[in-house]
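Chain naming follows the written order as A, B, C, D and E, and within any one chain the residues start at number 1.
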Amino acid sequence: MSADETNAPDADAESADVPDADAPRSDSPDADIDRDGEQILSVEGVGKRFSGLQALDDVDMTVNRGEIIGLIGPNGAGKTTLFNCISGAFPPTSGTVRLDGEVISGLPAHKIARAGLARTFQITRPLEELTVVENAMVGAHIHTRRRSEAREIAMENLEFVGLADKAEEEAGELTVGAQKRLELARAISTRPEILLLDEIMAGLTPSESKQMLDLFRQLRERGTSLLIIEHDMKAIMNISDYVKVLDQGKGIAFGAPETVVEDDRVIEAYIGGFDVDA
Amino acid sequence: MGKTLKSSTSNRRRFLKATGASVAALTLAGCASDDAGNGGSDSGGDSGGDSGGDSGGDTGTTTGTPEQSVDEVIIGSNHPLSGSLAATGVGMSNAIKLAAMRKNEEGGIESLDGAEVTVIEGDNQGAQELGGQVSEELLSEGAHVLTGCYSSPVTTAATQVAERQGVPFVISIAAADNILQGRDFNYVYRPQPPARRLASDYADLVPTVIRDGGGTIDTAGLFYINNSYGQAIRDSLREFLPEQNVEIVEETAIEFGASNANTQVSRLRSADPDTIIATTYVAGGVLLAQALQDQDYRPPYLTASASATFTDDDAVSDIGEFANGVLDNNYALNPTVDKTAEVRSQFLDNYDQEFSASVGMAYTAAEVIIQAVEEAGSVEPDDINEALKGLRYEDHISAMGAIEFDDQGENINALGPVNQVQDLSVRVVYPEEYAEAEPQV
Amino acid sequence: MLELSGVRAGYDDIEVLHGVDMHVEEGEIVALIGSNGAGKTTTMRTICGILSPSHGEITYRDEAIHSKASHEIVERGIVQVPENRDLFTNMTVIDNLLLGAQTEEAKAHREENLDEMLELFPRLAERKNQRAGTMSGGEQQMLTLARALMGEPDLLILDEPSIGLAPHLVQEVFDVIEDIHAQGMTVLMVEQNVQQTLKLADRGYVMENGRISMTADGDQLLEDEGVVEAYLGV
Amino acid sequence: MSAIESVRDRYRTFDEQRYAPLVKGVALFGLLAALPVIIEIDVAGMELAALLSLKVLILTVIYAYTAQSWNIMSGYTGQFSFGHAAFFGIGAYATQKLLVDFAVNPWVGMLVAGVLAAGYGLVIGALSFRFKLQGHYFALATLAFAELLRFVVTNMSELRGANGYFKPFPRDYGAEYGLVAFQFQNDLPYYYLIVGFLLVVTLVSWVIKNSWVGLYFFAIREDERAAASVGVPSFRYKLIGVAVSAFFTALGGAYWSMYFNTIRPDTVFALFKNVELLLPAVVGGPGTLLGPIVGSFIVTPVSEIARTTFSDINGLDRIIYGAFLVAIVIYSPRGVVSWPSQARALWKRVRGDEEVSE
Amino acid sequence: MGHLVTSVAPLPLQGGGLGRFIDPFVQFLTDITNLEPVLLQLLAFGLLLGGVYALTALGLTMIFGVMDVINFAHGVFLVVGMYSVWLVSEMAGISPFLGIPIAAAVLFVLGVVVHVLTVEPIIEAPQQNQLIATLGVLFIIQSAIEIVFTPDPQQVELSLGSIQVGGVFIPLGQFYALVIALGTMLAVRAFLNRTDLGRKIRGTADNRDGARYVGINVRRINYLTFGIGAALAGVAGGSIALFQRFDPFTGETYLINAFVIVILGGLGSFPGAFVGGLIVGMIQVFGGYYLPGTTAQVLIFLLFIGTLLVKPEGLFGGAEA
C-alpha cells in the first residue's frame, strides 16, 4: 500500500495539534519569482478534509506551459492527495483548480482527462489483462473512436517510451520499470497539456531513471507541462524548473531548486525537524 | 428386480428405469420408502420447481414406433422423482407401476393375447426444461403412451411433445386449467378434475352439505398458498361462491415454505367467517391447524378446497383431534367399491408409502391407459388414441362417475367430492353415491 | 540472530527483491534506509512471512524460517510494526493490545505487560476503551508499537514508525524505541527519517532497487555524502 | 514435437490474418448448424443422440445465448450480476403480455421487452453505480432486484399472478406457424432460431470487443480509476454494458416463453435461474467471446449425462453436478477456454525452471 | 381468464388500482388510532418470527463478516440441523431440545470439512467463485439428504401448543426458538468479546493483515469461523425443527431472508442480525396482515435494496460485534 495514499488522512491528524500561526505564506507562488509563459494549471486555496482530518490546507500553486515543476515533501505531506484533487479522483473540499483558465475542480476524472490533464499513479495501475498497446489505446481513444487510429497513436507513444517491442504482451506481466513506462505511455496517449507524474521513477534502475528524465525533457519540448512528485531528490532538483514543497498538507516553499534546498523549513521538514547543524 | 428390461435399450446406455411389472416384483419394496410419505407434500406440487441449472436429455427425436408383434405395452411415466416435488412424484410413479402389475397379474392385455404392461420411468425433476425432454426419452425408449407430470409447467412441455409426435398422453395430475382448455390437443387427456372444476365442485357441494345439515354458511375466508395452484383455486372460488350465496369476506395468502401461519390466522380470526377454506399443500394446512390451535380459534366450519392436507392420513394424524370434522373437496378414492381397499393395501405392501388421493389419481390415469389399450387391441398410438376418445371407463377407484373425455380431453364426469375427517380418518361423505359415511355438521 | 541471504521476493509475477543479503545481531539496532520503492517494506514483509521468498534463505537463530507462516514466525519472537499500522480499527485499544499477545509466553504475562504498556503510553491508557480507528495518527502509531511489544518480541521490526507524525510525536516515538533498546531488545527498522534513525542505529543498510547497496555503522552512514545525497539530491 | 510446433506456427500465421475471425466464426456456427445432423450419426452402434438430443441442444444454445448476453455486462465490464433472471423474466413476460392481451406479434413484443429490460437495467445500474456498490454488495443488489420482480409479478393480477401466461396459437394474433409467428410445429426450426440469436449476440459481442467500447469496458473491469484518469467515462459505459446485456437477455426470455409455451413467476424469475444464466460463462471463461458458448456445451450436457447415467438414484446427478461446479471454480477459475494457454504456461514453466534453477 | 378480480365482491383489502396500495395503510392507521388489540398480537408474532429469522442469520453473518464469503450453502446447513435433531429424537429417543447441541456439533464438523475442501482453496479468488463453490456445496448436501432420507417431509414429534398472556397468544415452539436465538446471540457475543479465540476472530475480521502481523494463525481462524458459522446454522435449523415440518428443500426460503438480515444488520454484527431479523419478521407479520397476497416480501426487498444503496455497512455496520 502506498504510504501517501493510505496515510494521507492520518498524516494530518497531527496538523490539528500543530499551531499554524507561525507558518507565514512564504510560498505564495508568484511572490517574488518571475516566470515566463502562459498559465496552464492553477491551484487556488485548495483544501481537502477526510472525515475530520485536514489532509490539504489552503494550497496554492501554478504551472505554466512548458514548465517542469517538482512537488516534494516528506511522506504523508499530502502530495498524492493534491494530485487526486487536481485530477478529479475526488473533489477538493475547498478551493479551485483551473486548467487553461477553466474551472475543473469538481469535475469527474474522465472529464478532466478529456480537458487535457493526464496523470500516472504512484502504485502503477496497469490494466493487467489487456495488452500493452491496448493499455495505451484506452488513452488514445479520447481522440478517436477508430481502433486503427488509436493504435497508431498508442504505438507512437510506446515507441517514445521504448515499449514498442512489448506491445502485444499482457500488461500484468511487465516488470515494474516497464509498467512505469507504460503508465507514462498511456497517459501521454491522451495528448495532455499537462501531465501529473506520481513517483514514476521509484523502483527504476539508475539507467532507467536517466532515460525517464530524458523523456521528461522531450515532453517539455513538445510543449507538455509536467508536475512531478518524486522522492529521488537528485533527479527532481536536476530536472525541475521550480520546486513546490508541501509539509503537513500545507505549502511551505516554492522556488528554484537551489533556493528551496537552502530553506530551513524545508530541511527541517525533510531531514527530521531538529538539529541539522549543517 | 423384475424380469423385464426392454430389449431395445441394449445397444444404448441405459438411462431410464425400466421396471418389470411382473408378479415377482410384488415382493419387492419400492425404492422410496418412508413412513411419512404422503400425497401432495409441502412441495410445490403445481409450481415449476426452480431446481438448479440442469437440463437436457438423452435421446433422439425419433418416435419409438411399436413393433408389430406385441408382447408388451409400454407406459412412459414422466414424473418428478428427485427435487422438491419428488415426495409425491415418486408415489405417483409407483402407482402407475402398480396398475401395470395388477393388470399383468390378471394375465396382461387380453386383446393383445396377454401382452404385458411395462412401465418405464423418467425423472423430470420438476423442471420445465425437462418436461419435453423426458417425454422424448420415454418415446425413444419405446413408450406407446405417456402419463405425467404433477407440475403444470412441466406437463405443458411434456404434452406438447406427445401431441406433436401423435402419441396419447393421459395426465396423471396437473391442476392448471389451461393445459388442455383451448389448446386444440388431439392426444392429451385428463381424468382428474382441474383447478376450476375443483373450485366449482366446492361451491356446489360443500355449502349444500352444511346447509343440509342445518348449518349456516354465508361468509367465507380464503387461506391459500400464493402460487399458481392456490391462486387458480382462489380465482375460481371468487367466481363460484357468490353464486351459492357465500360471500368471501377475507383472503389471506401463505408463502411457500413459510414457517407459520400466525398472521394469516389473526386476520381470519378478526374477520370471523362462517368457514375458512384452505387451499394449500400438506405443510400449509398443518401450519394453519397449528396456528388456529395456538390462537384458540376455530370457525364454525373448517373446510378446504383441493387441499392436500386433509386428505393425507399422515398429516391428519399429525394434526390430531383438531382435524376432526374438517370438510374438504378434492379428487378422492371411491370407498364404496372393494377394489379401492384392495389396491390401497397392495400399494402399501409394495411401496411402503401412503396411498393418498394424488397417488390414487395417478393410479386411475394408468388404468385409463390400460383400459384404452385393451379396447384398442393395438399399441399403435392412433388406435389407442381413438380408444381414449371413445372410452367410457367405470371400473376405476376414484370417486367420480365413468371416465369419459370431451373434445378438449377433459373428463366430463370429473368430480371433487366432499371428504370429511372423522375419527382421524378421511371419509368421503358427499355426494351420496360415493359416501362411506354421513357428513357430521 | 537473523540472516537473509540471496532473498528474492515480490508480488505475483513481479520480483521486487533481487537478492537481499543482510543480518541482524542480538542486541543491535539496525536501520534499513533507501528511497521509496527500493524494496524496504517488501523486505520487512518477507521476513515476517506475509510474503514468501521465491529464492534464498532467511534464518533466525539458526533455523530456516522463510517457508514458515506468519504466525509461526511470531511464535519465534519476531514481531513487526507494519508500515500502514494494520490496527484492528473497529476494536478497542485494550482489545488491540490483548491481541498483540499471541505466543504462549506473551499470554502468560499478558496482564502485566498490559499494565506496563498503559504506563509507557499514557495516552493509550486515557483511551483504552476507545476504538482504535477513532484515534489520531500519533496515538495509532503508539498503539501499533505497544501492540507489537505485547508480543514480547526478541526481534522487533519497525517499518516507518514515524510516518506521517508531527515532529514532537516523531521525537516521542524515537524516545520509546531508544528506551526499548536500552532494555535489551533487538530492533530492525526502516525509516525515512534518516538523520534520527542513523543516530540511533548501530548499523545501517542502504537499499537500492531491491538490493543492498551499502552497509556501515550508523555514524559512518550519517556522514557519508552518498546517503544524504540520495535523500536530498544535493 | 516439431510437427506440433509447425502446426502451431501455421495456426499462428493463420490467426494473424484479418479474415481469421470470420473463418473461425463460420466454422463455429457451421458446426452448430450441423449439430442436429451430426447427433443422428451412428458411431459404433451408438448414436450421439443418446447423449445429446435436439431438445438438449436447444437448451444448450439457449444458455449459451443468455451467458453470452450476461458476459457483455459481467464478463466485459466486470460488474458481476447475480440477477439476470430479472431481464430474462421481463423478456418473457413483456412478450407474452403483449401477445396474449394485445395480440402484438412476438417479434415486436420481444423488442419492446428488450427495451423494457434495458430500462430496468439502467435503473439498477444507475442506482448501484451511483452508490458505488461493488463485489458481493453489487451481486446481492442485482439478486434483490430480480427477486423483487418475482414477488411483484406473483402478486399482480394484471400479470396474471402466479398463474402466468400461456402462449396463444398463431391464429390468435393473425399469423400462421412459421418464422413470422415465432412458432413452429417441431423443434428443428426452434433450434436454428436460437442459433441465429446466438449468432447475433456473438456478433454484437465481437463488435463491442473490437471497438473502443470494448476497450473501455475492459479498462473499467481492470481498474476503474486508471481508466477514468485517461478519459474513460466509466459510469456511462457501465450503464451501456448493463443495458445491452439486459436487452439481449430479455430476448432470450422471449424465446423461452415461445419455446416452452408457458411462463410463471417461479419459472422465469426463479432464484436459480439467476445461476443458470451466468454459469456457462463462468465455467467457460468470463470475459471471453468463446467462453459462454464452450461453457454451455459443457454445463448443460454434463448435467444431462449425470442425470441419465445415474438415474437409478434420484438426485445423484445433482451431487455430481455440484461437485463439478466446485471443481471448476477451484481448479479453473478463469474458465475452460484458458486451459490451452494454461497448459502452455505450465509447459513453459516446467522447461523454464530447469534452465533457471542453479 | 375473464373471471379474475372484477367479478368478485370488493373486499376491504382487495381490488385493483391504487386502492390496494393505499387502503392497507389507511386500515393500519385506523387500527392504531383505535388501539386494536390485534396490534399487540401482531407485535408478538413479529417478535417471534423475527427471533427465528435472526437465528438463521447468525451463522451467515459470522462467515460473511469474518471471511467475506457469501455462503449459499447456509440454507442447506439449516436443513442438516433439522435432520440432526429429527434423527436424534426419532432414532435415539432423546429430547429434541438436547438434539440442538448435537446438531451444532455435527454442523461444526461439516462446516470445517466444507471449508477446507471448497472455500479455503479459493479464499483469495474473485468473490463470485466462492459464491459458485458454495452453491455447488448446496447441491451436493441437498441431494445427499434427499437420497438418504427421501424427499418426504419429516416432523419432530413434539406438540408444544401455546400460552396466552394478557389476551396475546404465544405459540411455544416459536417462543423457545426466540429464547434460543436470544441465548445463542448473547452466548456468541460473549464468546466473541470475552474469550481469546473470540477476540482473534474479531481481529481477523477487522484486519486480516493485522492479524497476521500479531501472529494469529489466520488459516485456523478461517476454518474455525466457518465451523462456528455452520454450527450456528445447526442451532437455527434444530430450533426450527421444533415447530415446523421440513424436507431437504426447506432451507431455501430461509436463505434469502437471511441474506437480507445480514445486510440490514451489518456484516458480522450479531445485534445487527437480531435487529435485522426483527425488522424482517415485523414486516412479514404486519405486511402479511395488512397487505394482499405476499406483497410484504416486496417491501422486504425494497428495504434490502435501499440499505445496500444508502448504508451498505448496515444498521450496525462498523460497530463492534
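The rule is short, and it goes like this: a contact is a pair of C-beta atoms (placed from the backbone, for glycine too) under 8 Å apart; a residue touches a chain by one contact, two chains touch by 3 or more.
From a predicted model like this one, the values you see are computed outputs, not experimental measurements.
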Which chains, if any, touch subunit C and subunit D both?
-> A, E
Reference subunit C; chain at largest CA-centroid distance | B
With chain centres set to the mean of the C-alpha atoms, which chain is at the far end from subunit A?
-> B
More C-beta contacts across B-E or across A-C?
-> B-E
CA centroid of subunit C to CA centroid of subunit E, Å = 44
Please work out the Cα centroid separation of subunit A and subunit B, and write it as a whole number of Å.
-> 75
Would you mind pulling out the distance in Å between where the CA atoms of subunit A average out and where those of subunit E do?
-> 50
In subunit B, which residues are in touch with two or more of the other chains?
-> 52, 82-83, 86, 90, 226, 235
For subunit D, write out the residues touching at least two other chains, lowest number first.
-> 154-155, 161, 163, 271, 275, 279, 314-315, 317-318, 321
Among the residues of subunit A, which ones contact at least 2 other chains?
-> none
Inter-chain touch pairs (all) | A-C, A-D, B-D, B-E, C-E, D-E
Subunit D residues touching subunit E in their complex are 80, 82, 127-128, 131, 133, 135-137, 139-141, 143-145, 147-148, 151-152, 154-155, 157-158, 160-161, 163, 271, 275, 279, 282, 313-319, 321-326, 328-330, 333
Of subunit E, residues touching subunit C in the complex = 196, 199-200, 202-203, 206-207, 209-219, 318-320
Mind pulling up the subunit C residues that touch subunit E in the complex?
-> 48-50, 69-71, 73-75, 79-80, 82, 85-92, 95, 98-100, 102-103, 107, 131, 147-148, 151
Within their complex, state which residues of subunit B touch subunit D.
-> 11-13, 15-17, 31, 44, 47-48, 50-62, 81-83, 86, 90, 122-123, 125, 128-129, 132-133, 136-137, 152-153, 156-157, 160, 164, 176, 178, 184, 226-232, 235
What residues of subunit E sit close enough to touch subunit D in their complex?
-> 1, 4-5, 16, 64, 68, 70, 117-118, 121-122, 125-133, 135-140, 142-144, 146-147, 252, 256, 259-260, 263, 292-295, 297-298, 301-302, 304-305, 308-310, 312
